[in-house]
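Multiple structures follow.
Look for subunit A in each of the two complexes below; its partner is subunit B in the first and subunit C in the second.
And now, the complex of A and B:
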């Protein structure tokens, strides 16, 4: 009974994609649209296989991953420290958060022309843009997490005579962890989204975004779609991994609290 | 007496907030007077102000802002109404939800800018392509927040509506929409915010007007003051859009504003 319900829901969720693919194939075979604009599903799969069996494509993927991860790590480390800093000290918050919030109103994409003028067309501005995209969510969520630590915990810590460092590592950080984890997941999504903007607007020869761009220049929709599928699945895989880690860390925290 | 102290405290906080901008301004001006950087890369703060005033006087600024806002509005209306309708359908019907949500989730994994080459190939690089690009960005937050609002309508309301034998359109208008309204407003705010973010990106791809165009042509002509003026405009308008809708959201949901985690 339970299984059949589950099969039904799985069938329900694959129904639409299957229908769409059949429709897609039909439109293609009927020849309504030129194949450069809309390649057949078969063509896309063929392009996909060809690309994934050649080394060059994996080189592009690895380069993009390197790019996004370096930006992401710079962004989350600095964002975490900043969020912790303005979260712990009310004075620091009053000094820095008005300026932070003012700068935050400018979308990161808007910075691209200025950053390119300052640093030229190379890897550095790309990583800066990705890092900035990761910085905001992690800073805001760390700040929120630190500020929402229940008062009783802090009072309890002072009863136990914890010093400041112990208070931060034993009380504040563990209790802010879920919020920080949310920040990290959001930051990863933002970095990944910004990677595409960085590769499109700050031209480079290497990267998945570049491959998609080349597909456009060559009027090769199959190549573009392969790029999009790659980008989408990699983004999904990375977000899932981070979510699993965050969940595990959170579980560990709860277990330790119970002990 | 106590009130006075509070007032003074409030003022003190504001003054503290001015320290960083003030220091930055001093460093900025200092760097300019000491010629630490090329004049092409760093213009004096006053030049930036002058450029802003001149752009505003000549009407360039307002015409570019209007062009961008016009794009935002069209893209937002297309994307947000799509998201709104789909969100209601998915919130009301579990079957539609089950059928569509895997597809939506899969498509949502694709970063917005990866769609740009597809859109350009399909529709060219004209106005319509930009509207579609913005619409895609506006679609998701509206869809998710409408869905959250509609699927979160308490079962009690549904039962009550059945007792009163409400017809479906009446049920929608009198029960579902009012109850989902705060969430829908959140959706509008986030989706309008993203539209404003993406319009600048869309304009980087080539156009004859708009704030993004102003910045790109400023970059090509090496007018860094124009590029910086563009940043000021982007920030100000983004802030105003968010601020007005946040006021509305607060009013409708009794002082609560959804935390976007810094994504919009």
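And now, the complex of A and C:
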């Protein structure tokens, strides 16, 4: 029962991609589209295999993974602390929140020229913008989670003499956990999106984004698609992992779907 | 010996700008919730408060629990004025739900964690209480996996875990169906009869009041004060059978007699209120 349910959901999620690939192959075979505009699935798979076996593609993947994970971790740790801080202190909220919300309106990509002028063209600004992309959703969701702790929980804790530290660790954080988990999942998606910007706008020789760039320069459409599919699949896989971890950490308590 | 003494307790709430209320026909922007509440409660007594909705019962319980300060007057607990929540007090309020991220066992441990009770001891106390409520097999369940009645048992167990001298219960069974409610009343009375805890229990159910109480205190329509105190002369230990006895009916009758006029008065006040349609 359980297994068939899971199989069903896996089948469901790959249904659309499979249909699209079949459609794609069909359009190509029927001769509707020139291969310079859109290569065939067959070509893409061939390019994929060639690059993975011969052209150190995995090295680029690992470099991009390191880049995105570094930014992501810096972003979620600092974003969590910031969200917790302005969530716990009304004064801190008054001081930081308006500026934070104003700065948030500016696309991170808009900061890239400034950041590059400060730090130069190297790995540091790339990680910084990925971290910034992860920072916003986790900060906002942590803040919301902390602020939405039911008043009664806090009151009950104070009635039973909980001090501030225990109140935070035993009441506020557990209560805010589902919201924080949502923030982490969103932050991961933002980090992956920003990885492309980081690699395309702050030039480098290493990374999946640069492979896409090279594909463009060489008019190698298949190479571009390999890059896009790789990023998409990795992002999807990592988001799924994070969701599973978040669910497990919650021990099925609050993220539960039944309620 | 009186463990709780309330002396001329009054409570006014300032309303928000633009809101107003009639107190004895006079329009005001302050609402009189309690108007001179006097009540002495004996140690180990089970006292039930009944009264019309909005008569200040919950407000009184908040004051006894140190959650809110009276506008004037004073409540003594063990001869000391109450000005903050006390370790001697346990709380079973409707709004105090169980923590959804804690198991039944861990919810019961909650009140002990801030009092330096070590883990093994906490678990021992929590297990004893679970077994007292017949919930031993459910210690690892989260609240959403428990029925409403089970959740309420755990909430009572959580309050009892700290061995309070005074237990404040504000309509703890109001959300339960009639059958579960009777079962929980039976369990509560069985467990309470084995302790020397003083209980102040608020309910809208006269049957519940008569079944549980040593004394039923009837509260007047707002501003609330004690109208009458009725001794319930039913023998203890009590069990469910007593509900169908003629003594029970007689006590029930007495309580309703005292309460009826107040409920009507409160209803009359609503009918006079602008916007009320019957």
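What we mean here is this: the second predicted complex is superposed on the first by the 215 of 259 C-alpha atoms of A that agree within 3 Å, B and C clash if a C-alpha of one lies under 4 Å from a C-alpha of the other, contacts with A are read in each partner's own complex, and residues count from 1 in each chain.
To be clear about the criterion, a residue touches a chain if its C-beta (ideal position, glycine included) is under 8 Å from a C-beta of that chain, and two chains touch if they have at least 3 such contacts.
Here the structure is a predicted model, which is why all the values come from computation and not from measurement.
Trainee: So in the superposed three-chain picture, is A:152 touching just subunit B, just subunit C, both, or none of them (first/second/both/neither)?
Mentor: second
Trainee: Report the partner of subunit A that touches more of its residues: subunit B or subunit C.
Mentor: B
Trainee: For A:29, is the partner it touches subunit B (first), subunit C (second), both, or none of the two (neither)?
Mentor: The answer is neither, since A:29 touches no partner chain.
Trainee: Please indicate which partner A:177 is in contact with in the superposed arrangement: first for subunit B, second for subunit C, both, or neither.
Mentor: second
Trainee: Give one of first, second, both or neither to describe whether A:53 is in contact with subunit B, with subunit C, with both, or with none.
Mentor: Once the two structures are laid over each other on A, A:53 reaches no partner at all.
Trainee: Touch test for A:205: subunit B only (first), subunit C only (second), both, or neither?
Mentor: neither
Trainee: What part of subunit C is in contact with subunit A in the complex they form?
Mentor: 65, 67, 85, 87, 91, 95-97, 99-102, 110-111, 113-115, 142, 144, 162
Trainee: Once bound in the complex, which stretches of subunit A touch subunit C?
Mentor: 150, 152-153, 155-163, 166, 170-171, 174-175, 177, 250, 252-254, 256, 258-259
Trainee: What residues of subunit A sit close enough to touch subunit B in their complex?
Mentor: By the definition above, subunit A touches subunit B via 9, 12-17, 20, 37, 91, 94-99, 102-107, 109-114, 116-118, 136-137, 139-141, 144, 182-183, 186, 189-190, 192-193, 195-197, 200-201, 209, 212-213, 215-216, 219, 221, 224-225, 227-228, 231-233, 235-236, 239.
Trainee: Which part of subunit B faces subunit A closely enough to touch in the complex?
Mentor: Residues of subunit B touching subunit A: 13, 16-21, 24, 41, 95, 98-103, 106-107, 109-118, 120-122, 196-198, 200-201, 204, 212, 215-216, 218-219, 222, 224, 227-228, 230-231, 234-236, 238-239, 242, 259, 261-263.
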